[in-house]
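Here the chain labels run A, B, C and D in written order, and each chain numbers its own residues starting at 1.
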Amino acid sequence: MTIEKIIFLVIAAISLGAALMVVTSRKLIHSALWLILTLFGVAVVYGILDAGFLAVAQVVIYIGAIAILFIFAVMLTRRANQDTGSQNNQYWWVAAPLSALLFGGLVWMMGSWQGYSTELPKLALEAKSGMLKQLGQLLVSPDGYVLPFELASVLLVAALIGAIWVAWDRK
Amino acid sequence: MSSDWLYIGLFLLIVAIFPGAPILIAGWLAPRKPNPLKSQTYECGIETVGDSWVQFKAQYYIFALTFLIFDVEIVFLFPWAIAFNQLTLFGVLSGVLFIFVLFAELLAAWRKGVLEWI
Amino acid sequence: MVPLSWYLIFSAALFCIGLYGVLARKNAIAILLSIELMLNAVNVNLVAFWRYRYSEALNGQAFAVMVFAVAAAEVAVGLALIISIYRRRNTVVADDIDMMKW
Amino acid sequence: MSWNGFLAFVKDPLTEFAKGITYRLDVWGLSPELVNVIVKLLGAFVACMLSFALVILTIWVERKLYARVQDRLGPNRVGPWGIFQTVPDMIKIFTKEYITPDGADKVTYNLAPILAVSAVMLIWAVVPFAPTFFGSDINVGALYIVAVGAIGTLGIILAGWSSNNKYALLGAFRAVAQMVSYEVPMVLALLVPVLLSGTMGINSLVKAQSVWFILLAPLAAFIFFISSQAEVGRAPFDLLEAESEIVTGFQVEYSGLKFGMFFVGEFLHAFTISALFSALFLGGWRGPWAEQVPILGLAYFVIKTSIVYFFVILLRIAAPRMRIDQMLNFNWKFLVPLGLLLVMVTAVVEKLVIHYYTLWGLEFGSTNYLILRAVTHLVVNGLICVGALWLSQSFGKREPPRFDASRAVAVPPQSSESTATD
């Protein structure tokens, strides 16, 4: 049991517990707050996996922007969220075994897979910001991801304009 | 996990304790004489009318939305900026195109009158 | 060193919790929250596989970045739709919004 | 202790101190991994202690300066020039009763002040004080600052939401509109130094500034300064607390030390932002002989930070509060387009500079090259600045929209559903 394993187990337990609270808590705003904890846990997992950029980007994008937007939406639609009764629809009893079944199936599939390497590969490009430099080059090189990169930009523009069109009421 | 990140993790722990401990100590030092008048909602002495949840304009939401999109796009630019010296001219120009799309987006929102505060 | 299988189980569990949320919750915003959980689970998988199997190239991270973009776009449009529906029909319960028109 | 050892200690006390502790712990037979953790823990503790001690000082500095500008004396009773005034204030606030309002969301209500302070203190993990004394030079430092700022925004929103008070909620909404909006130009301004130096670690950024970035990118420095003031949320950007409009906004239901923590967070944030500004744009610890004598680097850093902090305080004293529409217009219609344009132009110019100047026989990184590069960037920045001012002036000449009908400012909720307040 190394320190890293202990950290991972603690973080995984916290984020899974928080994720459970997201889907079960009665008050919607609490769901959103628990989601923030889950997302933070996932950011730490990225950190353990040596993906520092993704860890920080996760905090900036998910906690700094998406979660705030969620809290905002909850505040705006609060009048509809005032009932503190059950937040489940009538099919929740189907959903629970279904997701448990899926989890069981996934674990079974993982058990039958042979591709686990026994050793964590050393990062060849670890040297300080070398990894980020490679990522940057990959994102804009023609034999890399330049097309998805530009498409992501266009997608976000489309999302913004669509969202504004939908949410903006002209008086 | 490099030792730089270890330091950040330790800092996270300490930073939670530092403001938390004085608050707890003050809670122990301070007097506690609650009464129902004291714990009423503070509105300059006037009694609260209705729910504290008045409805707010959706304009705030639009700004949060615009921020979300911009934030995501700018985060994408950081790896590009770091690799700048190694990039070819094509790489630089595709980054510039990316920013230009953002710029066009801002202009579109401006034209739509979204950025106007009414 | 943490074995790869632990990450996979973690991500599978996260995904299944998200799935349960999507299927069982009646509030549309809560459904979107659960979708975020599922997207995150996918990202954990991508990064874990990148780290353990293909760490010489950065494709896993590039993919994860793209998932960020998709998640942001999804949240922006989804929440805008929900707020618009709430304004007109005063409800955020997903089951009440089944007319496909109004 | 030998003379050389003494000299080494004077030059760089903290490194020597850390060495000493490491040696002691090694002698006790602890494993090197654990020793590393303990030393880092101590370092983090020292940085946090330092930041808290600094707040006590900065509160006094600020009050004194405020008073002198307004032709008052300011604190002058406790200690020489009233320098210990903050101590009795602290004792007072420690013994104040906590009042939790009815209907507050208890956990969130208590968590919010902690979040507001710790988000600021987290920045101190990456601030480089001296060539050998910096917390951690993670390779995503610039983005880390943005992430930490986002957590601070979250703390303020939670404070406003959990208090169950109209004014607090208004403050929270304004906080979103302001802090969240000004994050965009701030990130754009951070992008420029990152682009020029090819690194994101704050200490590496300082090392890369053989020419201060304020000379290479004065506009980025300007945008960063303004937007960081908005992030801190002090005058002229104190809309989220605005005492005269929404009775201190998100803090209205807080009392005792919980209220004090928001204050500590604000003062610390103002100072931290000055430190960041001097590290990012004024060359941080750079100066003559800073590399050889690290303690000199610390001195340079403190001097630069103090100068920036002085201007921050002056801005707070002199400038009146902005109106919310002015504040948003200034951000979305001036700072953001300017920032986007700046990043685009800087990228193209920098690439051309690298390409042509090396083509013309200037060696990459030589003194002549650096000077020419700085001059080029300065000229380009000046052109952008003139263009932006000209554009905004010709736009500003147009008649601003007037509102003829008087609008309801605050309508009680039951009277009409759709009328929005504020």
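Remarks
Here is the rule we use: a residue touches a chain if its C-beta (ideal position, glycine included) is under 8 Å from a C-beta of that chain, and two chains touch if they have at least 3 such contacts.
This one's a predicted model, so the numbers in the text were calculated from it and none came from an experiment.
Common neighbours of chain C and chain D under the contact rule above are A, B.
With B-C and A-D as the two chain pairs, more C-beta contacts join A-D.
Relative to the centroid of all protein Cα atoms, the closest per-chain Cα centroid is that of B. Relative to the C-alpha centre of chain A, the farthest chain centre belongs to D. Remark: chain B and chain C have CA centroids separated by 21 Å (rounded to whole angstrom).
Once the centre of each chain is set as its mean CA position, chain A and chain D turn out to be 28 Å apart.
Rounded to whole angstrom units, the spacing between the C-alpha centres of chain B and chain D is 14.
Chain A and chain B, compared by their mean Cα positions, are separated by 18 Å. Residue positions of chain C touching 2 or more other chains: 65, 68-69, 72-73, 75-76, 79-80, 83, 87.
Shared interface positions of chain D, i.e. residues touching 2 or more other chains, are given as 138-140, 143-144, 169, 173, 176, 180, 183, 198-200. For chain A, the set of residues that touch two or more other chains comprises 4, 48, 50, 52-53, 57, 60-61, 64-66, 68-69, 72-73, 75-76, 79, 129, 131-135, 139, 152, 156, 159-160, 163-164, 167, 169.
According to the touch criterion at the top of this document, the contacting chain pairs are A-B, A-C, A-D, B-C, B-D.
Chain contact summary for the complex, chain B toward chain D: residues 3-8, 10-12, 14-16, 18-20, 22-23, 25-27, 29-34, 38-44, 48-58, 60, 63-64, 66-67, 70-71, 74-75, 77-78, 81-85, 87, 89, 92, 95-96, 99-100, 102-103, 106, 110, 115, 117.
Across the complex, chain C is touched by residues 2, 4-5, 8, 12, 15-16, 19-20, 22-23, 28, 31-32, 35, 38-39, 42, 45-46, 48-51, 53-54, 57-58, 61-62, 65-66, 69-70, 73-74, 76-77, 79-81, 87-89, 91-92, 94-96, 98-100, 102-103, 106-107, 110, 115-117, 119-121, 123-125, 131, 134-135, 138-139, 144-145, 148, 152, 155-156, 158-160, 162-164, 166-167, 169 of chain A. On chain A, the positions that touch chain B within their shared complex are 4, 7, 44, 47-48, 50, 52-53, 57, 60-61, 64-66, 68-69, 72-73, 75-76, 78-79, 126, 129, 132-137, 139-142, 146, 149-150, 152-154, 156-157, 159-161, 163-164, 167-169. Across the complex, chain B meets chain A through its residues 1-2, 5, 9, 53, 55-56, 58, 60-62, 64-69, 71-73, 75-76, 78-84, 86-88, 90-92, 94-95, 97-98, 101-102, 104-105, 108-109, 112, 114. Remark: chain B residues 58, 61, 65, 68-69, 72, 75-76 touch chain C in the complex.
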